[in-house]
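Think of it as A, B and C in the order they're written, each chain with its own count starting at 1.
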Amino acid sequence: MFYLKYKKHIEALLFVSGDPITIHKIAQILEIPEEHIKLLIEQLIEDMAKDDRGLTIIKVAAGYQLCTKPELSETLEKLGQVQDTKLSTAAMETLSIIAFKQPITKIEIENIRGVKIDRVLATLNERQMIKEIGRKEAIGRPILYGTTENFLKCFGLNGLQDLPPLAELLP
Amino acid sequence: MFYLKYKKHIEALLFVSGDPITIHKIAQILEIPEEHIKLLIEQLIEDMAKDDRGLTIIKVAAGYQLCTKPELSETLEKLGQVQDTKLSTAAMETLSIIAFKQPITKIEIENIRGVKIDRVLATLNERQMIKEIGRKEAIGRPILYGTTENFLKCFGLNGLQDLPPLAELLP
Amino acid sequence: MSDYKIKLEIFEGPMDLLMHLIEKNQIDIYDIPIAIVTEQYIAYLKTLEIFNIDVASEFLLMAATLLQIKSRMLLPRQPQFVELTEEDDPRQELVDRLIEYRKFKEMSAQMENLLKEREHFFTRLPEDFPVKIPVPMGLNINDLVTAFAAVWESSIDDYELVSREEFSVQDKMYDIIHLLYKYHGRIEFNQTLIRKGTKSEVVASFLALLELVKLQRVIISQQERFSTIYITLKE
């Protein structure tokens, strides 16, 4: 393939970017067609599948991200750089309601959970899991909340469609 | 070599650490002798020398560090660049008001455009189209905006006198 | 206080407590023995020795709801309603809420697993790049004129969008001091404030002036009624 020489560029771009990066952006930077980028990434993933490689590429939040192989996590934890990604039960419940019911107002969430959620919302906002996505056309024009790109990234989702189906939980 | 299976661990450790990491520390984490770590890193460097790899390992004072190959720096710099060379409609409208009505304050522009323009002003400023040219002698001493040399250059004007006269534009 | 918190943290709220009671008693959620549940619910509230009013009010609200349902179920039914239809069941609304809540409680457990799985993939932080912003390209003077004509036409519309302006009292205080320095420490009241700007700006300016008086940074003086009011900087 003519574009094979760009494999290293993609590996380096993913490394430097840290965050997920879209095919579109890579194509723009390298000035080669998007379909070739896709093929090159697939090749890179294949290369990395070899047992002497510690990294891999995952698809997440509409882009691709370089990361370590999951089987190495135990070793990597010893580095002591693990960030605490834990969310409290209250935060998790609230987040799951927002994820499935977005756009949703604070009061609507409180009606489901039966408790005030101001503090939880602030935490989720700080952790960049949720954001304001508009105002409801109702009395007081309450803020509508939705999930962020970062939410997708943290949960390893490509999009909201990747969430476990809610319908299956119905009694 | 018996410890070959640890190559991927070292690659992953270097990746996650970001900062340089000492052989001693790697040896401690993997619980294998330091001289083997050194050999494994040499092997990794050799692997990465292949032309389809974008990363390499460098030795710095504090240890070893994973980084991109120097020949890729030009491509990687594009990651930080704004690819869009066009101006949005909102930016264009605001710019035209400033061009024809300078010196002018933010509030005065907002009164004409009917919307807040903080972000647009910041963009125009970043893109070197406008600059602060003074303060209005009024309460709050609001900033007065005008166009830049760069603005003239981009529009192919020798000076502001080359702008079409306003009178002809207005009904 | 801390003692109370430890106990309360077991439950994330009244819904959580109710779910717990239902599970503990192995109750059919569609046929809740309200009397028993209410009794246990209130018994739990009583174990909370110290009340944090914020949290407790939500628990109390649910207690009241339970008691109300209980009393409604005790009321004798009018003879024409021999069969208890779903809509007539005073428990129905609570059941719906519990089912909705349970759905998300289960979902949040699933999502926690997602998060845990994801934690096995380590990523690195983005490298810092100097952001370069290119000068715009392909600009044309006609575009500029067209844009201006467009915006000018729309601005002479009869309607105007009203945007919310925000003025801080602190900024206005700074402005007043600045003006005073400029005019050698003394200015006329009507020369300075309130002349221009929106209502909120005027209000902010006036509040700023009052604040400066309170802080004894300025002195307000007037020789006689209706004469000029002076603001003097106090050094």
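Basically, a residue touches a chain if its C-beta (ideal position, glycine included) is under 8 Å from a C-beta of that chain, and two chains touch if they have at least 3 such contacts.
Because the structure is a prediction, the values reported are computed rather than measured.
Of all chains shown, the one whose average CA position lies nearest the global CA mean is A.
Farthest from chain A in terms of Cα centroid separation is C. Distance between chain centres (mean CA atoms), chain A to chain B: 22 Å. Per-chain Cα centroids separate chain B from chain C by 34 Å.
Once the centre of each chain is set as its mean CA position, chain A and chain C turn out to be 26 Å apart. Each of residues 12, 15-16, 79 in chain B touches at least two other chains. For chain C, residues that reach two or more other chains under the stated contact definition are 122, 124-125, 129. Of all residues in chain B, those touching chain C in their complex are 12, 15-16, 18, 77, 79-82, 85-87, 89, 92-93, 95-97, 99-100, 107, 110-116, 126-129, 138-141, 150, 153-157, 163-164, 169-171. In the complex of the two chains, the chain C residues touching chain B come out as 122, 124-125, 129-141, 143-145, 147-155, 160-161, 163, 165, 167, 171-172, 175, 178-179, 192-193, 195-197, 201, 205.
Against chain A, in their complex, chain C makes its touches with residues 12-16, 29, 54-55, 58, 62, 97, 99-108, 110-112, 114-115, 117-127, 129. Within the complex formed with chain A, the chain B residues making contact are 4-5, 7-13, 15-17, 29-30, 47, 51-55, 66, 68-69, 72, 75-76, 78-79, 83.
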